[in-house]
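Next come two complexes built around chain A: one with chain B, the other with chain C.
Coming up: the complex of A and B.
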């Protein structure tokens, strides 16, 4: 009996080793998704105690006509389309600089790790302070650079949106740089030596060797950045609370507002389904693009 | 690329750009935290504090229960890290070592579980936790945080287990160890560095999380650090010097952790890079 416990067969052992992970995923991911789909067809308001009422597609019909939803979806899409390429470019620049042969590697490495480890909510607070209308660092630079007066950056729709994108790009670029740096370090230096012997310019080395060999790392970074960009919440929440008006409100913020503040779980779930829709459309476009590029490369 | 930056001066410039980009926000907050309120509200603003003061650090603790927030964050982050490590080590061992069909599928399912936007899961999780009376409890955060880090930790640990020669384990079993005995005496000690790397990633993930903590544990007694500090703002004013001091206090422990173990963190991040 004891030996059956201490010397289990492969199958039993595998079952018991994998069970906790799948139990957890079942409870925290699979069940909630099922619940979400169920909720979206029901009227559930936790504030009223009216219970759960089946309403069919009513929530979805409201969603289609909901200007707040389309506004938030557009903001989320725009943030994704700006900050994913922006963070990628900034991250590529940082990675190229960090890949130089330094004698001491730790200051540069720590400088890339620190923004990664900084909570998004803290980054939002810090950038809100940078863009402060009276005593912010940005306004100080603005005046020194010849700006006529202090600007209320976070109180105007366009500048607030730009400031949020800037903060997200800063926060995410160091993660991208770490991923790309690992990719850069795997490119054998013999390739560059051979290219130099053949008289390739530095720009040719970059476009013909570095970039093509970096594509796998770039794809990994882009996929994860896109997933996180679609969920953008912390930085706009701490910088502008979605304002002015709802100029910087993202889908995640709208879902949070409806569910947690208004306790309208039915409509909150429908909004979340809308977010699923957006993610699926974007993934589809991505895959189309990527397979199209594959054909070009062939 | 190397010729362009061959001189030491240009290399130094490159390093300076990266270092300033990474450190500047933290340094600016540090400078802000050392200024008196009087100095902070001067125009034009000062860069370096004229009369550095630690009064903001004292106030950060006295005006809000910062110690309580630290305690909450610490409990939630360490317990969820522990749970993640146990569960992901089990799963990773099974995937890396056992004779399983469909290994790739199992790993894919575990990784795919992190692809679902957390915000969409928030709605049903909030509803369920509320019904179970678990809002404003540590459990409410620990369970979702465990799922949050499960994919990255499993990936890191699978590659670590795969790097340990299977012969070592077989040899121990021939010498009379049981399978679990071999696991405990041979594999666990050799996998310790990998477990440690995965642990740091899980801890930072949990320490940083904001949305769930804000939604599930809004009660002042149960707030974690990011939520607690964000809500320092009064109804009409942001006490910036105090917020800055609190931010520095909150950043320093994690900064020290990653400074000490940078190489591990980087290797873990790039082998399972799942966080942005």
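Coming up: the complex of A and C.
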């Protein structure tokens, strides 16, 4: 036995060397997900000593009929569909701007980094103040520009939703810009020189050289952004708390409300499973599209 | 060398734990619950109990933010906090969840007598399933604060109904012709106060939200009429269009800067309006909340309680502290220094108190007749349903009748 430890075979050695990694993954990935699935089949309400009761599919049946769940799922999807391309466009513009041959590069880089370094909740609070109906500067501009009266931006479903998307795009565009900037700097300048010699216009240079060579960076940025967009929580939570009514509530907020505020861990876990399912569907669609495009490129 | 270092560290750790064993940590609510005044009373307790130190922790500006924070701490069975300040709607939920230490044993034979000294509503709210689970800190209720000077200038009498309120406000607003002056406001933002905003006109029509067994008995027509009343006020231009964004603190700011003629607000507002730096100091009056036409004035009872954590390691000392904090001298101090409403009927009649808070004369019957919000082990969920939907109605994303039907349907699931 002792000799097996002091002088292990290759197989045993591999086991011992890999064990810590598996243990870690087990603790931080497998156990929580397993526990989530377990919880979703139980009635666990911490608000009154009902204990843990197995209820089978009851939570899932409630979920299917739960208007709040579908409303939040739709909001989450809409935020993803608006802010991912929106952030990408804004980020691309910023990256192109930062890639211009400035004499001093650091002020531009700093300006790019700052929104990214700001905590999400801060960004949400700042934008909540911008759109505040009495003290906000958006209303000040609005009145100066000839608006008839102060608007309640965050109390109307459509404008509240737009304001939140605007804040998310502002916040996420710098992250996208950083990734795209790295991509832009990988493009050799000789390509542009050759294009200029051949008489290509600026627009042609952009569409024929910059964009195709930037695709790998764009894909990376889009994947990261889609994942974070599906988990949107902080900005709507601090700007509107999901209001007015449930008009801007996302899935992550609904899960938080049920588990933390209502202490309904069972149903909260079921909602999280619902979100998990939606993410899987979206990822599948995404991967299918991308592999299709890879084939076209080949 | 190493061993001696270890001994020093060990010694310091032991010292630190022995010191913390004699200190009591109190979660003392948010700024509206005046932790500054509570601190002064804790100092008094420390003087009377040498060897005991009271630490204070302040959190969440609104009741529902505090509930969120405390739910997390208490679910984790955290022993760091010994005493919690609780909104009147919370003792039942916390007691049923097993988070509050029953106090009967600590109060001894006098327990029942002590509870009888408080205003009946506060005696009742703190007894759950026959056990005393908390002691009252101070009372509260919603009143209408109004600009006495403007009412007098235009000969407007204190309105008894919302219709009278609307015509009075119109008279004042038409006369003042000030675009920055708004009429009357109330808590319309989706915070705990919006539960009261929903219930007050409903109760005023003589209906109850729950029956004796705690079952929801919502009369949808009456609730719809109540919410329509607010929307009518907005349409008549006497309630700000953005009432759906107002929290008590927003109303205080507007009222204090002279931008609001009247507001429905809690007891603590009086003291803030009478502060030395307040432009409206000496110009304000207080009256009961108006009734619906043909109904009776109703108001929401508020108020805060002290509870000992079931996970505390210093329960006996903690119980002693909250007993001290729920006595008449402390109530008198909180009333005169912070206009926090007393939990004893006698304190309202105390000449020293009346000198500083002349409006207490009529405040007592209001507090005595104020109604309680539905008590439930799932109060967090009940409150969330009512306040988000009431808010949606006030910002007009839901029609009153639809919103009320939604509240009814969701409550059925919450209380399953």
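Methods note: the second predicted complex is superposed on the first by the 270 of 298 C-alpha atoms of A that agree within 3 Å, B and C clash if a C-alpha of one lies under 4 Å from a C-alpha of the other, contacts with A are read in each partner's own complex, and residues count from 1 in each chain.
Please note the rule applied: a residue touches a chain if its C-beta (ideal position, glycine included) is under 8 Å from a C-beta of that chain, and two chains touch if they have at least 3 such contacts.
Since we're looking at a predicted model, the values are computed, not measured.
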* Using the touch definition from the top, say if A:64 reaches chain B (first), chain C (second), both or neither. => neither
* To do: With the two complexes superposed on chain A, say which partner A:241 touches: chain B (first), chain C (second), both, or neither.
  => second
* Asked: Of the two partner chains, chain B (first) and chain C (second), which one does A:262 touch, if any: first, second, both, or neither?
  -> second
* Once the structures are superposed on A, label A:46 by its partner contacts, choosing first (chain B), second (chain C), both or neither. => both
* Can A:152 be said to touch chain B (first), chain C (second), both, or neither? -> second
* To do: Quick one: classify A:134 as touching chain B (first), chain C (second), both or neither.
  => both
* Looking at chain A, does chain C or chain B touch more of its residues? -> B
* Kindly classify A:20 by the partners it touches after superposition: chain B alone (first), chain C alone (second), both, or neither? => first
* For A:109, decide between first (touching chain B), second (touching chain C), both and neither. => first
* Pick out the shared contact residues on chain A: the ones touching chain B in one complex and chain C in the other. => 46, 134, 260
* **chain A residues within the chain B interface of the complex** => 3, 6-8, 10, 13-14, 16-18, 20-22, 24-25, 27-29, 31-33, 35-36, 39, 44, 46, 94, 96-102, 106-123, 125-130, 132, 134-137, 140, 143, 170, 172, 174-176, 178-179, 182, 192, 202, 205-206, 210, 220-221, 224-225, 227-228, 230-231, 233-234, 237-238, 251-252, 255-256, 259-260, 265, 268-269, 272-273, 275-276, 279
* **chain C partner contacts - residues on chain A that touch it in the complex** => 45-49, 62, 133-134, 150, 152, 154-157, 241-247, 257, 260-264
* Asked: Which residues of chain B touch chain A in their complex?
  -> 1-5, 11, 14-15, 17-19, 21-23, 25-26, 28-29, 32, 40-41, 43-45, 86-88, 90-91, 93-94, 98-100, 106, 109-110, 113, 115-128, 130, 143-144, 146-147, 150, 154, 178-181, 204, 207-211, 214-215, 218, 225-227, 229-230, 238, 240, 243-244, 247, 250-251, 254-255, 258-259, 262-263, 265-266, 269-270, 273-276
* **chain A-facing residues of chain C, complex** => 64, 67-68, 71-72, 75, 93, 96-98, 190, 241-242, 244-245, 250, 377-378, 380-381, 384, 388-389, 391-392, 395, 397-398, 413-414
